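Two complexes follow with chain A in common, the first pairing it with chain B and the second with chain C.
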Partner chain A sequence: MNDSFDQISQQLKGRHRKSMRLKYYSMGALALAAAFLLIFFADMLNKGLPAFKQAMINVEINYSEDAAKSGRAAVNRDFSTLISRSVVRTIPLEMRNDPTLLGTTVQRWVLASGEVDQYLKGNRVRLDDEEMERIDRLVETGKIEQQFNVGFFSRGDSKMAELAGIMSAVVGTVMTMIVTLAIAFPIGVMTAIYLEEFAPDNRLTQLIEININNLAAIPSILFGLLGLAIFINFFGVPRSTPLVGGMTLALMTLPVIIISTRTALRSVPESIRHAAFGVGCSRWQVVKDHVLPLAMPGIMTGSIIGLAQAMGETAPLIIVGMVAFIPDVTASFTEAATVMPAQVFTWANEPDHAFVEKTAGGILVLLAVLISLNASAVLLRKKFERRW
Partner chain B sequence: MMLTNHPFLIFCSVLLLLGLMAFFIARKKATQVRASGTAMFSQPDQYAWFAVVATAGPAILLSALGAFVMLLIGADIPTFPLLLASLVLAAIGLAVGMVLVRANFHARQAIERVIRWVLAGAATISILTTLGILISIVGEALNFFQMHSFWDFITGTTWAPGNSFLMAAGRGDGASGGAEFGSVPLFAGTFMITAIAMAVAVPVGLLSAIYMGEYAPSRVRAVAKPMLEILAGIPTVVYGFFAAITVAPFIVRVAETVGLDASFNNALAPGIVMGIMIIPFISSLSDDVINAVPDSMRQGSLALGMTKGETIRDVVIPAALPGIISASLLGMSRALGETMIVVMAAGMRPNLTINPLEEMTTVTVRIVAAMTGDLEFESAETLSAFALGLVLFVVTLSLNLVSVIMIRRFREKYRVNNL
Partner chain C sequence: MSAQMPDVTYKTNPDIGQPYTRNDKACHDLSIRVRDLNLWYGKTQALKDLNIDLFQKNVTALIGPSGCGKSTFLRCLNRMNDLIPSVHTEGLVEIDGRDVNAAKMDEVALRRRVGMVFQKPNPFPKSIYENVAYAPRMHDLVSRKAEQDELVEKALRDAGLWNEVKDKLQEPGTSLSGGQQQRLCIARAIAVQPDVILMDEPTSALDPISTATIEDLMDKLKEQFTIITVTHNMQQAARIADYTAFFHLGEIIEYNDTKVMFSTPAQKKTEDYISGRYG
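Right after this comes the complex of A and B.
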């Protein structure tokens, strides 16, 4: 090889250029992921934030004789087509519950119909020009207003977009998660303690270990099939309930909790165990009084992450029937319920365009909860993490 | 519900009462024995706990066993006598516990043994879960294969369960009239979407891992890692909504401007979004593996005059390759089993095509479709979901096993313990 100095430095330049190119490509890949995250959140906020606003109309409700029969008669003809059907429907009911209302008139803010709401938010609607003009006039006079949508948080599901809320799904989620944690946390921690602190290194232990790693990677929908075949068909747990949903999710969360608990237990230094054994503790006493307290932050972090994962899971819950129309808040663990992601799924399938913002709004709430759960897990780890 | 709950509640409260009694009486007795000057093997509290275990343990075991036998064999054991028997057993246990409060009994070791068994019992639940999945899926899948031939299922190219409800209602015209269960188009769709996802996830995930492992200053790392974790924490149903509402129409519009015809349920949208979902799995595992490659290898390469890029390409990546492949396989098994994104963004119509702009369906979509229909559980379509689930289980399980073996090989080669 008789390359001249110039040739070699040329080559070197080329090689360095190539090297830099790899750096820029890899930087670009990370930037791409970041860009996606930005686009995603911008899109969700753009679609979902309107869900927190709801058009309201200030109308005079006239509790007349006619209104007791048909609620539509209680309001001025100009308004009756603009307010939500649900308001109209409840007027006769109100009068039956409270007979003193008869003959009185009340001025108050009521829900506008979904069409009015969508019109104010600038979406396409099926209103004619005359109605649009009327709405514009009412907006100018302050009779129609977009207010904070309290109902979105306080009501259950509904087929009418302006009435639909996330309350029943939130309650269902909480109940399902209670079941999930009540099963997965103790069993998961106990399994991890057994494998880390007690188990002899034999075939059975290895089998359990391989099993747990595999369970963590099995598609979630298969847990749904298990829930359907074993819990519902075999043990007769009622379908669509927080009980069966929670049990199914518990099996899914179990490996997450086991794996993180084992990591936490492993990070407790041996010297602590030796010291405890040295003063005459039995194995269980070592674990209970010394190892577990030190591993607790790690275990909690893992459990919170597992919980957040279970909270976002939908596929197995579809199979066990938890994607259901639940207008009222569920009161017991053996009643039909739905959860937040399932509610999002139900709304995403609604043909009415007004449900798009409901879906995105639900997603924002769900994401806020999940991200704060994960953030608290990270904070917990940061705060209590000990380097030995 | 109330009627079954009522005796159960009484049972629980009586058991709780007995347990409390056991605890306090045993502790008192042990304290007395010790106060009288006899040296005892264990502490009073340990005797007390042993008495509680002796009281509650057998009783709970008996009632659980009874309930299980009742469900398993369908034997009709009346609830009330069963619970009563359990309570009698609890009382006997209490008595035994009391008798055993004596100086030469190792209460601590006895508790230790019980705890060991309880913990081991908890550990076997993971095996039971896997067994449960296997039994439930294989059992129902076998039912399905009795109705339809396994060979047709594996090689058939038409998936048309449409008429199976007629057969379930007894109005079908004979053996397999109308309903066809050929799973090839479903698997073709699944692999197509998975391939698109991997085409997005592997380069982006791997390159970001390289950047984070080799180039990034610690400040960038501190931001990038949580960012990728957020990506991993987004629920799949949310990704599905994003794919269906934002990405799919965008792809249709882009395809129109280039003069192509794309379906709103095209395979590209769920594929791309699924790829984004998998990026964090691949990048975090690859990052770990790249970090585990010993620094001496990098130093050796740099000392020979290789540029940094050449070191990464020719030394670090080849060394980390088993780990990277195992990460990709794990990502792939996740993509194969992913449900919500494809249910919301991919099509329902089985379609055997290689054009990603066309509508196609996947295994998981058909499982969900079969499970959410108003069909009898014993109908062929519902059971077909279990057959599909079985194939899915086998495929993902083997991918996971290969991945575990690869990572173990890597770990042994470089003696890293934290992978």
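Right after this comes the complex of A and C.
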């Protein structure tokens, strides 16, 4: 006798309940992950956004003869403690570079000291009541205000929080990435082409393949040790430089590029290769004219993701000495440099409270760069991906 | 068992109403000579002691049940089997008096003279124009743009596609219909002026109307080219082929003038197959 619909539905109830339960579990997991992400972003924005503002103070600078000897003499004694030491220090230098300044008086906005900055942002400071009162008064009269912190994006690192910027780290990152890409992209792509299109399937190539896959899973700090042992100690590449950092990160990025390139090559339909061989293409022509153009979006996406991974890497760079204090923007590939995550790491170790916001601000900049890189990878894929 | 060249009754000479003889060179210049050809996929033997002569400027159909080795044999003729790592070939395949498996033979040169059309239309993901122009340019058959334009037009005309695509040469080849794509692939193959065109079930992915178009086309193309086609469709073989070879389990069971073979098959297996008893 056959079961009626009702009987079957009866039996199914338990199964439906189970699948519903599973659905809610997975939704819960997603919600939890999203909540963590949200909390992280909110915290970073909350801590980091103040770093993009900086207290400035409007003072009269008197380029007197005394000022040429000691910058302190150039400003009203009342203000001198509120101004960043960096401003005071550079006044004699300014005057030496431009002798016509002597005897003139200029009214302009200069950096306030870190203490003032922190006081305005509502953080704990080591100011006495009198100073706080004076600051409040100056704020009321518009002599002190928070302005957009241009310096954060245009200056290098400094031990004075109000002066520290991320520019040298950004430049260091760009230079390091140039080296990484210049090494890892051609080597990675050519290796993948050889393994996928030319190599015979034998024990040796299988061994190489397994090793490449394993390489992708090696803790990144080991690549740093390798960089230290091979590049610095053996080949004598100068330490702390974009060159050695880029080479080390290239080692780390290579397997990512090789694996993603192989996947991209493999996804090119075999019929295209047959068509190309059929009209008498040599193997290289098949690759160059037909397979590579089709695989390019995939290769580029993989490379960008590999690069983004390398960009966020700190551990191997610590080993090759790229957590250096770099106040000036690096000008060449063989000069000491730092990178964004290493800069964040350095700031995070500073005892001064003002560096907390610098740390968070640095993370925000790094995140913005990484997100835009990944977004460009997605866009590239969307734009060029075609189906047959 | 020693391999024997299958007996062939030659096509009828319309002038005298009698079959051509082996000595009638007019119509029967040999194009391809195969002797004792054996092929293995790893340890599995796929072709056994094949002996066959394929005639110039005719259509030869290879028929037989699935897995009988007809496509494998076809790919021996332009060494496409080289792309499969486990394949091992022995024996002689001679085209224009040269052994194609000889170490000296460059497979690129071979494939220029022996073109191929595949089962599924596989135009390059490039423009219609570029699909046809690519190979001649690669082989340095054209030097100037005007020459190239001319050659593309000729190939497309010969493939019966020109009128349909002349206004949209820059559109992707993949935008065409299945039948048009297959004709584009034929145009691509004939653009380098090969001697032989291999067709591996060229119509099996197409609708009946496109199939009829391709069949008409093959009939025209055999004036210029030697066409060897694999087909699952016996009616198609009967319609288009001058000669037909029946493959079974890696052997050539029978090879003959199509009309003779379909009316009076010499072998029991052939008769069973063409009368639809298996396959």
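Definition applied: the second predicted complex is superposed on the first by the 366 of 388 C-alpha atoms of A that agree within 3 Å, B and C clash if a C-alpha of one lies under 4 Å from a C-alpha of the other, contacts with A are read in each partner's own complex, and residues count from 1 in each chain.
One rule holds for everything that comes next: a residue touches a chain if its C-beta (ideal position, glycine included) is under 8 Å from a C-beta of that chain, and two chains touch if they have at least 3 such contacts.
On a predicted model such as this, the values are computed, not experimentally measured, just so you know.
> Identify whether chain B and chain C fit side by side or clash on chain A in the overlaid structures.
fit
> Quick check for you: in the superposed arrangement, does A:V323 touch first (chain B), second (chain C), both or neither?
Only chain B; A:V323 stays clear of chain C.
> Of chain B and chain C, which one touches more residues of chain A?
More residues of chain A are touched by B.
> Does chain B (first) or chain C (second) touch A:H274, or do both, or does neither?
Touch partner of A:H274: chain C, not chain B.
> I'd like to know which partner A:D201 touches here: chain B for first, chain C for second, both or neither.
In the superposition, A:D201 touches chain C alone.
> Using the touch definition from the top, say if A:S282 reaches chain B (first), chain C (second), both or neither.
A:S282 contacts both chain B and chain C.
> After lining up the shared chain so the two structures overlap, which partner does A:I258 touch, if you call chain B first and chain C second: first, second, both or neither?
first
> According to the stated criteria, A:S70 is in contact with first (chain B), second (chain C), both, or neither; which is it?
It touches nothing on chain B or chain C.
> For A:L30, decide between first (touching chain B), second (touching chain C), both and neither.
A:L30: touches chain B, not chain C.
> Let me test your reading of the model: by the given contact rule, A:F234 touches which partner, first (chain B), second (chain C), both or neither?
Touch partner of A:F234: chain B, not chain C.
> Minimum CA distance, chain B versus chain C, superposed model, integer angstrom?
6
> So chain A touches chain B in one structure and chain C in the other; where do those two contact lists coincide?
282, 285
> Hey, which residues of chain A end up touching chain B in the complex?
Listed in rising order, the residues of chain A that touch chain B are 15-16, 18-23, 25-30, 32-34, 36-37, 40, 43-44, 47, 186-187, 190-191, 193-195, 198-199, 207-208, 210-215, 217-226, 228-230, 233-236, 251, 254-255, 258, 282-285, 308-309, 311-315, 318-319, 323, 334, 341-342, 344-345, 348, 356, 359-360, 363, 366-367, 370-371, 374, 378.
> Report the residues of chain C in contact with chain A in the complex, numbered from low to high.
78, 80, 83, 85, 108-112, 115-118, 120, 122-125, 134-135, 138-139, 174, 185, 188-189, 192
> Using the touch definition up top, name the residues of chain B that touch chain A in the complex.
So the residues of chain B in touch with chain A come to 1, 71, 108-109, 111-112, 115-116, 118-120, 122-127, 129-130, 132-133, 135-137, 139-140, 203-208, 210-212, 214-216, 224, 226-231, 233-238, 240-242, 244-246, 276, 279, 283, 307-310, 312-313, 330, 333-334, 336-340, 343-344, 364, 367-368, 371-372, 377, 385-386, 389, 392-393, 396-397, 400-401, 404.
> What residues on chain A touch chain C, complex-wise?
200-201, 269, 271-282, 285, 289-290, 294, 386, 388
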